[in-house]
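Chain lettering (A, B, C, D and E) follows the sequence in which the chains are written, and residue indices restart at 1 in each chain.
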Amino acid sequence: MDLREVLLEKRSDILSMWSNMIMDQYPPDAAVFYKTEKDRFLNPLGYIVNEGLESIYDWLLGEGKNEDFRYATDRIMRVMAVQDISPSKAISLVFMLKKILKEAVKGDSTKGILDEELNGLYEKIDEIALVLFDMYMGCREDIHRIRMGEMRKQNHRMMKNIDVLNKRKGL
Amino acid sequence: MLKIIAGLVCFLIILFSPVGYNIITGRTYYVPMLKVPQGDCVESTVYMRKRHMEVLERWRNAYVRDGIKRYISINGIYRIGLTGTCLKCHSNKAEFCDRCHDYGGIKPKCWDCHHIPEVKAEK
Amino acid sequence: MKIILPFFAVSGIAAVIYIGVKVYNLQLVFGIILPYLCFILALVGFIARIIRWAASPVPFHIPTVCGQQRSLPWIRSSKIDSPVTGLGVLFRVLGEVLFFRSLFRNDRANLYGEQKRIIYSSDKLLWVGALLFHWFLLVIILRHLRLFLEPVPSWIISLQGLDGIFETTMPGVYISNVFISLSILYLLFRRFRSRIRYISLPADYFILFLLGGIILSGILMRHIYRIDILDAKAFIMGLIYLKPMVHEGLGAMFYVHLGLVSILTLYIPHSKLMHMAGVFLSPTRNLKNNSRMKRHINPWDYPVKVHTYEEWEDEFKDALKEAGIPLDR
Amino acid sequence: MEKPDELKKDIDLIPKKEDWMDPEVEFKKGRYCYGAPLKHQQYLELPNPREWQPSDIDWRLPENWKEIILNGMADLLKKNRSFRLFMDICVRCGACADKCHFFLGSGDPKNMPVLRAELLRSVYRRYFTLQGRLFGRLAGARELTIDVLKEWFYYFYQCTECRRCSVYCPYGIDTCEITMIGRELLNLVGCNIQWVVEPASNCFRTGNHLGVPPHAFKETFDFAIDEIKDLTGIKVEAPINRKGAEVLFVAPSADYFASPHWFTFLGYLMLFHEIGLDYTWSVYASEGGNFGLFHSMELAKRLNAKIYAEAKRLKVKWILGGECGHMWRTIHQYMDTFNGPADFLEVPVSPITGTRFDNAKSTKMVHITEFTADLIYNNMLNLDKTRNDKWRVTFHDSCNPARSIGLFEEPRFIIKNTCNHFFEMPENTIKEMTFCCGSGAGLGADENLEMRLRGGLPRANAVDYVRKRYGVNMLACMCAIDKAALPALLEYWVPGVEVCGVHELVGNALVMKGEKQRDTNLRGEPIMAEEKG
Amino acid sequence: MNRRDFLKFAGVLAFGVAAHQTVNIISQSRAKEEKKSTKTWAMAVSFSACARREGCKDCIDICHLIHNVPEFDNPKDGLRWIWQSPYEVVFSDQTNLFNKGMLKNLSVLCLCNHCDNPPCVKVCPTKATWKREDGIVMMDYHRCIGCRYCMAACPYGARSFNWRDPRPFLKKINTDYPNRIKGIVEKCSFCEERLSQGLIPACVDTCPEKALIFGDLNDPESDISRALRARFSIQRRPYLGTGPRVFYIF
């Protein structure tokens, strides 16, 4: 059994552990809700996070498609970017995976899993962290851009009308 | 406001309806009096008042399931049987069983199967 | 703390009554004075609370509409969730009271299959638990009427028969006792879970423990610490007709049961248990959705300072003229 | 494997609040709305006017603020059965807890409706109930402190009064009522926000939220008329303050100034021209929206008074109202009580179809979608659905028309008759279960954007579902706040989905008599979607 | 002590008190119970003796009379504890054609076989029917819920169901024996109420031709043991493995 097979086998365990770890950052009352409510419309946050984690995991193991990965990680960062947490904490969600992976393969080391292989995965995780960081910052920029755009839109016609008026008056 | 008061009055009427019901039926202070036959029952009267149904259940199980046909108590040895034993002394079901059962709103199913010997004229 | 204190409070009350009766023979206190006192205070408190509610007006017409309004004749309107008739309102309120329709509304969507079709299922556990509890509470209360009515009406006997239909022992186990015990345990345990625990107050646990105590003492009285039912009825009839008497055949458990019920009664007007009356008065449920059809009067309405047209026209006269908008003056 | 619990130690956690009774609020930028400017507070003669910010440590409350609040509570308890009842009967069953979009999006447990109410209820218990006085904290009672007041402010300005929780509450407890009462109390000591007070003050003075004076207002109309002429070759009429017209039309003022509201505005003008409605606009009562409602009943009444006053002055027969959310909450549930009876008006009858709007026979004000749906039903409009073929449309029920009026089928009927592609969002996110945009009740301030983005997540998520499944690219709604807030929300969460009003779709589809060939829609974009290579 | 421990403690305490009380109640009753003896009851029916008297139904009548088994006008509702059926039906599995002449038109007396391995007992969900130590397959009518699984399980049709309230159809009531009610199953009990008084079953007792032999199989000197030793006997469908305790002898 190689590392990939082990990790695919333990996929659901690892994912649920990972997701629980992230949700536990919320106040306990919300955490329980986020963890247990399965309706994606009633619990969009939980749904988006879980979907995101799945696609990161699959992509890491070379299973998922690039677009899916990009879409899901973008969504997860979008959620994180408006939550009450620091950027470092938002990105730290991928580093949690390192810890979980280490624990997950601990017992299997005798089965011939190479540390090297694991290290390769870690490097990939670090890369993902960088991607996520970019995404996070992109989202923050989006927020600022949207904020400016919104202000403009609220007076959109006024601005436009003033322009036209000025033009008419030859100003 | 008026509707609420009306609702409240309705509630109070319902709440106090038992009081009125008994006044209408005229049995406000009725407590059934029993004709207790002479002699000892299988157990003490106090015990039987509270727990006769349990004795009967034990009898039932002993008789039907375990094939035990006799009951030995301080007061003597008795053949287990509702019709044969209990009703021998408490021969008038209407005056003995039913009075209390009716008062307590209890309708035991014993009589669906078990038979009441005809009330013998008092000797 | 939130949980353990109410638990101690209820067990404490029960213990005091038990010991008081068993050791000090305080039947008079716990069997007669306490119920009378509690009942009178509760009744006064209950009426006072309702009157206080009624004294506050409903200034605005604010039903929560949960269905299509009645507007154009060719659009099907929702008769109950957006009622315009008294009957509709009646059904809506009764739906809440009898079947907890709003709680029932809890939908959950799940996606199934390749098509990702949405299937609505639900976690109606709370609804089921609450409904079981309340309905069986009603059954139990009605069953207790046999101790209050003489002669016992046949419908109570039938209800009792139905409730005890799985009669396997003597005295039979009531279905209602089983289900109310299960539902009260459910209602209690769901409060231990994180989210609900956070919003729960000691008072919430107190009521559950109190109800649990009442149920437990009742069941114990029926199946283990038997009492003489004749004495119980005679005792209760004595209470009702103001000739209270202490009867021999009533064990301490009877007084515990009665005492806890008395405490519960006393507690009703001061607690959330007033929802039993409040559910009828909720202005979001008991008003018709006819806000635009019929004027609703606010009894405390008062004149407010407004910016009148005249003041406004004076202020913007020049601008209005410039724009060619007709002026009044 | 190590338990998550053990690993958790390494992670810096959000402090876990075991008990909500200890007030704890941190005003972080982006998560609260700014305080109201002094100028506007003074103009509206609000109590305790001052320059202030919620993030200030000293809120400069009046000396006797506690007394004022408690007296205010006593007064409101006397005046509102809902308040008294909702304080008494909540059983904390938790059915409402996961219904609030702010809770769903932020995970802040005090955003559960039950706890939002409990913030107020705890003080009620302490000062107005026996058990609270006797048992204090055990009975869930709290002293009224500055921190409690701050918490009130934080959470009552984190509720959009959308009433979704009230749908699920077994006793119909309406957090909107609680929030309104809470804000009313805060207002007594002068704690209110810029985004509510400023538009209210502007509206009080000029007639619209932006404070645009009459001549600028008129010019807006001229631009609209020009734009329609460019588009269709038809010059529409837009009478303002005309006496003796049959109908007075009142829309939210954002329709004249903001985007994408503007296109709905064009839609109205085109529609009224096409059917030849004898109507007038008003500058004095140019605002249907009522930010007073987010402040206090008194202010709501003061602002609302203009509509009936203007109808009376202009001697119209009845009033037609544009697409707006809380405007319609005010009109439907409050206006007649506030400023009625409207006995100087007649029961609305559509002059085109002769339909009598009995559902508005007392208030005498008809919703534009009721009016238009009636026109379409009676075949009075020539509609070309294909002009909206570029859009794959879904409909967002705005909270107020949905849960206060029950206006579900009229807009859907219009959309289905003006668009070929209409798709519903999942059932538990529409109609009476609709999710709020997260910006209602005066929270649409730009400084509050992050909170709004969180609150809007449940809505956006449902939109994302229909976008992925049906390729929806247009969200129709009929609320000015939706039109202001949803574009930003969707841009962030569901890029590629735009927002429009129902009457923008009508304006697009409407084939006007004598119009020229239209190449663009109201937005100036080509009518057909570009063919994909 | 944390909260959990306390709750555990409190729970144990509560149960302890309750249990103590229960023990009290039981000891209060002071009832002593008899020891019972073990036997294995069985019956044999003699074809020839039974056929001797044409049209005799004495055993059926007496059984149904003392056990309050009603007679319905509609045979579909019919209840039977003991009955007669043609040989071809009862022993349809007997392929010996040469018997045909001898046994033709013979009515065979049937009743519950009180099987050694009763299938009806296995299927009963409430244990309303069970096998006593003396071999009698007994019914507790108090417990029967009328599910009729036992009827489906019994290969001999020995059980019948009360579709109607039997009481109005009783011509004469034996007040010493209860009747059954609508909705439950009933069957022959080998007259266990008579056995307990030292009597033999009513049908055996009443048979004028002594065609029925009853006794304890454990006692080699009993009538039944002797009869089975001396004469050839058959059982109904023995291959089913039920081990019937009603034998038919020639």
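General observations
Throughout what follows, a residue touches a chain if its C-beta (ideal position, glycine included) is under 8 Å from a C-beta of that chain, and two chains touch if they have at least 3 such contacts.
Owing to the predicted nature of the structure, the values given are computational and were not obtained by experimental measurement.
With respect to subunit B, maximal separation of chain centres occurs for A (centres as means of Cα atoms). Looking at which of B-C and B-E shares more C-beta pairs in contact, the answer is the pair B-C. Here C is the chain whose Cα centre lies closest to the centre of all protein Cα atoms. A centroid comparison over C-alpha atoms places E as the chain most distant from subunit C. A separation of 33 Å divides the Cα centre of subunit C from that of subunit D. If you average the Cα atoms of subunit C and of subunit E, the two centres end up 54 Å apart.
The mean-CA centres of subunit A and subunit B are about 72 angstrom from one another, to the nearest whole unit. Among the residues of subunit E, those touching two or more other chains are numbered 25.
In subunit A, the residues that touch at least two other chains are 28-31, 33, 39-42. Annotation for subunit B: residues 51, 60 touch two or more other chains. In the complex of the two chains, the subunit C residues touching subunit B come out as 47, 50-51, 53-55, 57, 145-152, 156-157, 160-161, 167, 169-171, 226-230, 233-234, 237, 240-241, 243, 249, 277, 280-281. Considering their complex, residues 5, 49, 52-62, 64-72, 74-78, 81-82, 96, 100, 102-103, 105-109, 116, 118, 120, 126, 130, 190, 195-196, 198-204, 270-272, 274-275, 278-279, 281-285, 289-298, 300-301, 304-309, 312-313, 315-316, 319-320, 322-326, 328 of subunit C touch subunit D. Put simply, subunit D touches subunit C in their complex at residues 20, 45, 77-85, 88-95, 97, 109, 112, 114-115, 118, 129-131, 138-140, 163, 166-174, 177, 204-207, 213-219, 240-243, 283-284, 297-298, 301-302, 305-306, 309-310, 313, 331-334, 336-338, 340-341, 355, 357-363, 365, 370, 373-374, 377, 402-410, 413, 426-428, 432-433, 469. Residues 13, 17, 20-21, 24-31, 33-34, 37, 39-45, 47-48, 78-79, 82-85, 89, 92, 96, 99-100, 103-104, 106, 139, 142-143, 146-147, 149-151, 153-158, 160-161, 164-165 of subunit A are the ones touching subunit D in the complex.
Touching subunit B in their complex are the following residues of subunit E: 25, 28-34, 36, 130, 132, 134, 138, 140-142, 173-176, 178-181, 192, 196-197.
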